[in-house]
Amino acid sequence: GCGAPEQPPSSPAAAGSVTGAVTVFAAASLTETFTQIGKDFEAGHPGVRVRFNFGGSSALAQQISQGAPADVFASASPANMKQVADTGAVTFVRNKPQIAVGKGNPLKIATLADVTKPEVKLALCAQQVPCGAAATKAFEVAKLTPKPVTLEQDVKATLTKVKLGEVDAALVYRTDVSAAADDIDGVDFPEAIQAVNDYPIVTLTNAPNAAGGKAFVDYVLSEKGRQVLTTAGFDAP
Amino acid sequence: MRAVRARVPVALVIPALIGLAFLVLPLIGLVIRAPWATLVDHLSTAEVGEALRLSLICATSATAICLVLGVPLAWMLARTEIPGRRIARAFVTVPLVLPPVVGGVALLLVFGRRGVIGQYLDSWFGFSLPFTTTGVIVAEAFVAMPFLVIAVEGALRGADPRFEEAAATLGASRWMAFRRVTLPTVAPGIAAGAVLCWARALGEFGATITFAGNFPGTTQTMPLAVYLALEQDPDSATVLSLVLLVVSVAILVSLRDRWIGARA
Amino acid sequence: MRAVRARVPVALVIPALIGLAFLVLPLIGLVIRAPWATLVDHLSTAEVGEALRLSLICATSATAICLVLGVPLAWMLARTEIPGRRIARAFVTVPLVLPPVVGGVALLLVFGRRGVIGQYLDSWFGFSLPFTTTGVIVAEAFVAMPFLVIAVEGALRGADPRFEEAAATLGASRWMAFRRVTLPTVAPGIAAGAVLCWARALGEFGATITFAGNFPGTTQTMPLAVYLALEQDPDSATVLSLVLLVVSVAILVSLRDRWIGARA
Amino acid sequence: MTLQATLSVHIGSFTLAADIGVEPGTTLALLGPNGAGKSTALRALAGLRPLTGGVVELGGRTLDDPARGVFVPPEQRSVGVVFQDYLLFGHLSAVDNVAFGLRARGMRKREANTAAAEWLDRVGLAAQARHKPRQLSGGQAQRVALARALAIRPDLLLLDEPLAALDAATRIQIRAQLRKHLDEYDGATVLVTHDPLDAMVLADRLLVVENGTVVQAGAPAEIAKRPRTDYIAALVGLNLYRGTADGVTIKLNDGGVLTTAHPMEGAVFVTFPPNAVSLHKTRPDGSPRNTWLAEVAGIEQHADTVRVRLNGIPDLLADVTTAAVAELSLTPGQQVWVTVKATETNAYPI
Amino acid sequence: MTLQATLSVHIGSFTLAADIGVEPGTTLALLGPNGAGKSTALRALAGLRPLTGGVVELGGRTLDDPARGVFVPPEQRSVGVVFQDYLLFGHLSAVDNVAFGLRARGMRKREANTAAAEWLDRVGLAAQARHKPRQLSGGQAQRVALARALAIRPDLLLLDEPLAALDAATRIQIRAQLRKHLDEYDGATVLVTHDPLDAMVLADRLLVVENGTVVQAGAPAEIAKRPRTDYIAALVGLNLYRGTADGVTIKLNDGGVLTTAHPMEGAVFVTFPPNAVSLHKTRPDGSPRNTWLAEVAGIEQHADTVRVRLNGIPDLLADVTTAAVAELSLTPGQQVWVTVKATETNAYPI
């Protein structure tokens, strides 16, 4: 489950106490936002460098449990987070599912029920990845049985299918739709609120640069960090 | 009988053994970490059987396509003096270098519903390759064909073209000479190329999932199942990989035996 | 001069051209969709140059390792009667079939900080492979070595072993005969294998990202950059792929020319 | 069908230029050293290498004529070829090899196999019909290759050194058999060889090729008797000199003088066989007018004679008996007197 | 260094069993048909195929003795080999090929190249030192191979059909040169050939091998004169029969009777040369006691004689002049009378 929402610190850690490189393992879906946050963080902490390792959350979890020298882990799913840290993880953003459709919504899809119609080609994420779990939850809540043509490995692959017109609709995250707004439109649906996905973040216990890691996590949770994330379409927890 | 010149030089044996260890150790790592206790549970799901069956069917079909298209292509590269042959040869290596996911995207651009060719397939025949088992086969064939073409071209270059000349003096057309003389002569090379091709197709992941998607029973091959299992339960991913390995190595070894048996 | 037997049989040309089209069309799809207008922007980031440089360095180093370890291994498989040689040959094909991501996991299990060997590397030498450029090279070498070994073994089987016997009667040890007679003889086969190996290493993605991570400047090779670009901006992914393609094909063609030039 | 060809072929810096005419039922032998262009000529006749110039006609049909843009590809010529190393298809049995050409010409499998079996029977290999080429001895493989070439009933039969791969004893036997088959064959035959005995036994006419050019043509016995190049003289085992005759005296171009029995005038060749030479420790008196001093350069034991290589003016080869070697106690470096009877020499115009 | 070997080698169903002894400075020739085991014997001596039984000793040193578990690998034997197809290293120049063995023995590059250049000079190839093997003619390649084998100054020199790949004219010339080099070489030499003339010219002793077994051994001239198998008789061109002698009358095993000049008793071989045969249209009167009727089976034109193959009791070969053929108007199938003078026959015990 999602980490219990904690009181976000009112201000980032003092800049002076942090040195060296901070190594952040982050879910690939955070590539854009975290790259920005990293730059901002470096600007606020002269002499500190943030090194990112973006990848699938599960692969990152695997690497960390094999001893990867990470300070911070930001996962796209609580399940992957649990593989590396039982406690201490904080949910820093949530992401709501949205229906992605082709530009101009040619099939006039308006509700979740519309995507289950037989003439609509639907792509979902596989159950094993967070967006797939979220989709399953949404359809459960709506008491619908979807008939997808594919269960994609991750959000971006799903989105690519919509973009190239291979499918008519897909369930993805709002953030992904807004990132690709040039090519696709998003359709909100009410059940989404009950299928929200939590993104937990943690400073790892074996962190080579624990102080730096903590400072980075604090920065993500700070107002400035939030700002970047919500601009990209994430919801605050 | 005493071994002939059995003293194998250390300067060769040591790197050879290191090389072998390098290839084998990771496998041993997988075997050690495999959850033997719960192995049966992991394997007994219907999806594993289905994915394995699909993998074998698709890899074999892809290999068949590669043989049908790739052997003539290799022959053209090796035996004719067509202009642009050098460029053609360079293009053959392209799918080797292209990251498979990009290969999948490229296939979508051509054979997808809105693709250069795919749009006509769709509007004229109502037929679409992505999300079908055929799509898996196409993706695997695209990625694996270079291995076949390069291996067979090498074999053809090594084969003595004078046998084809001998066939011509006996009245055989070039096609007949190819079929009845060249093909049987380079059969071992084709077999080796087909094995590389088949193995590559069997392990194919990125192009497949991008082009054909992932749906159990139609497009979910073992590597896709493994990848998704990794997301949730790395143990079962290990088991699935080992299953794939054991099955493929068993098939390769038994084919080799049958094939060698047939020659002796 | 008039072409000798220029009538190339249709039954061969048609599948050959279909095969070629099948390999070339997706590439054309990529080229058509590439955002030529914004191309320069996409390319001018420092990261692209870095990733390309890293890709070339790592693929070349991995090929070097594969040559050092793989050529002796191929020799052992082709020329000696060591027991278990058949099993060894089967093991060589394993990294071909293993989905690369699983290969990366397997490498972590062995060379990771907690791995079978890695734990000693770490505690004795304070040295750890994953997440280093060396790790990238190891991952690429693991995935690409079978291509080299299989190609070189084929070349060695095709080479006449009597030249090695002739060297022995002249007083050459097996090692010297290998170095001064066998190696030069199978040089074309080794070159072909090295090209396959290099191309495969250059395109390697799954094992690299799993074993070595994705750090710009140290472990982010072009395929990884392509993967991340796909997450952010699929257009730039296309451009990156094309850059990788153009560079690698250019290198292969120029090497071939130089190599052929040297022989003529 | 008559073969009438004017061959002109350029390969790199090598040029072949030869006129070849063969009547049906007769055999022409091309004789020449390695690299002379013999195989190139056969390849041109078979259509495996198009002419650069000239023309190939078989039974009045033009097969190759670059000037007129005519080129009949090999599979449409009625030409059977026996290649030097036979080129039997390794994956096919002997009978399938022989049937290959018939099948290529559209004959049904059954009939082709029956006809092929008959051909194998004719060359004495009925028992080996099911053998693969690698299970055949050299002589057997050669006969399968011959049967394969003859089975298509070609108008022209080309044989490239058909006996070269055989050991000396097998060769004698296979040569006699080949002779029999060629006698029975009613098409034109061109045979390549570098063994003069093969040419003698198998051919009606002989064309000597050196360095892409025809240097001598004629009946085998005539060529053996009157060689016109050092290559042929060495092959047939004669001492050959060029010189200028003035009556019975011939002044040799490379020094020395020989006297012949029959007066001639002008530029001539003159030969004598090594066994016409006598060697002496001291200068002999008496009849032989050809007498000169020479130095022993080499001694070779042959079956029942000894061949002595002598340097003098001129150089020569002499065949003497073992007894004579012992009596003269010949050793390299030694000086001996050479005599050759004028009646043993043979002079003919250049 | 003396070579003393008792070879026993099994390969599949083939077995080679031969005793070979060669004194330093002398040459032994192994003569035999294809597949007789000649190359196998050389490979066993070189250490390229270990013995199944027996022993190889060179200059008192045991090189191979399976019973005692001794096996010296080829690179530690002092044995030079000239392979049938030379096996020159294609990527090395002639001089580098010759220097290879010296370098393998640890000589410095500079010295090895100097020594190799000297060897090439000795075989007359100084000008071709920098040529790659594919730029050499067959005869040149053969001499490079010889220089390469001799450069390591081996105690034993093995030559596997060193002249087989050469054309007939080149062969005569290279044979004489090889003879010179073998004369200068002071080690033991074993030479494989299937050409009796090569054996005559090059060898001091001859071992005839058939089907893995030594069938005859002795001086070349002796073997040429007294062949003991049909294979050798065919090679040296003699008619050979087995029979039982009772005085000058020999009853042949396969039918027929011959009369010889010198009385013998018991099982004998009897030979006569084809040119000792006279052919007649009608039964001749007078001296020759060996007279029988035979049928012409084949006619072959040789250089200056015609070889006639005759079936009768016994069968025989006859060499007659072209004039005789014309006079008798010989054709296959015709019956002729054969006569052989008793003084031309040669009988010797089995």
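Letters are used for the chains, namely A, B, C, D and E, taken in the order the chains are written, and counting of residues starts over at 1 for each.
Note that in this section a contact is a pair of C-beta atoms (placed from the backbone, for glycine too) under 8 Å apart; a residue touches a chain by one contact, two chains touch by 3 or more.
As the structure is a prediction and not an experimental result, all values here were calculated from the model.
The chains that touch subunit A as well as subunit C are B. Minimum number of contact steps separating subunit A from subunit E: 2.
Distance between chain centres (mean CA atoms), subunit B to subunit C: 16 Å.
Annotation: 54 Å between the Cα-based centres of subunit C and subunit E. Subunit A and subunit B have Cα centroids lying 36 Å from one another. Note: centroid distance subunit A to subunit D, computed from Cα atoms, is 87 Å. Each of the following residues of subunit A touches two or more other chains: 59, 62, 160. Residue numbers of subunit D whose C-beta contacts span two or more other chains: 48, 73-74. Shown for subunit B are the residues that touch two or more other chains, namely 5, 7, 105, 109, 115, 168, 173-174, 227, 230, 234.
Remark: subunit B residues 3, 5, 7-16, 18-20, 22-30, 32-33, 68-73, 75-76, 80-82, 86, 88, 90-103, 105-107, 109-110, 115-117, 141-142, 145-147, 149-151, 154, 158, 168, 173-175, 178, 189, 192, 195-196, 199-200, 202-203, 205-206, 222-223, 226-227, 230, 234, 237-238, 241, 244-245, 248-249, 252-253 touch subunit C in the complex. The touching residues of subunit D, counted against subunit E in their complex, run 33-35, 137-138, 166-170, 172-173, 175-176, 179-180, 194-197, 200-201, 220-221, 224-225, 231, 234-237, 298, 300-304, 309, 322.
Contact residues on subunit A toward subunit B in their complex (touch as defined above): 56-59, 62, 79-80, 121, 123, 126, 128-129, 148-153, 157, 160-161, 164-166.
Remark: subunit B residues 105, 108-109, 112-115, 130-131, 209-210, 212-216, 219-220, 224, 227-232, 234 touch subunit A in the complex.
Those residues of subunit A that touch subunit C in the shared complex are 25, 28-29, 31-32, 51-55, 59, 62-63, 66-69, 156, 160, 163, 179.
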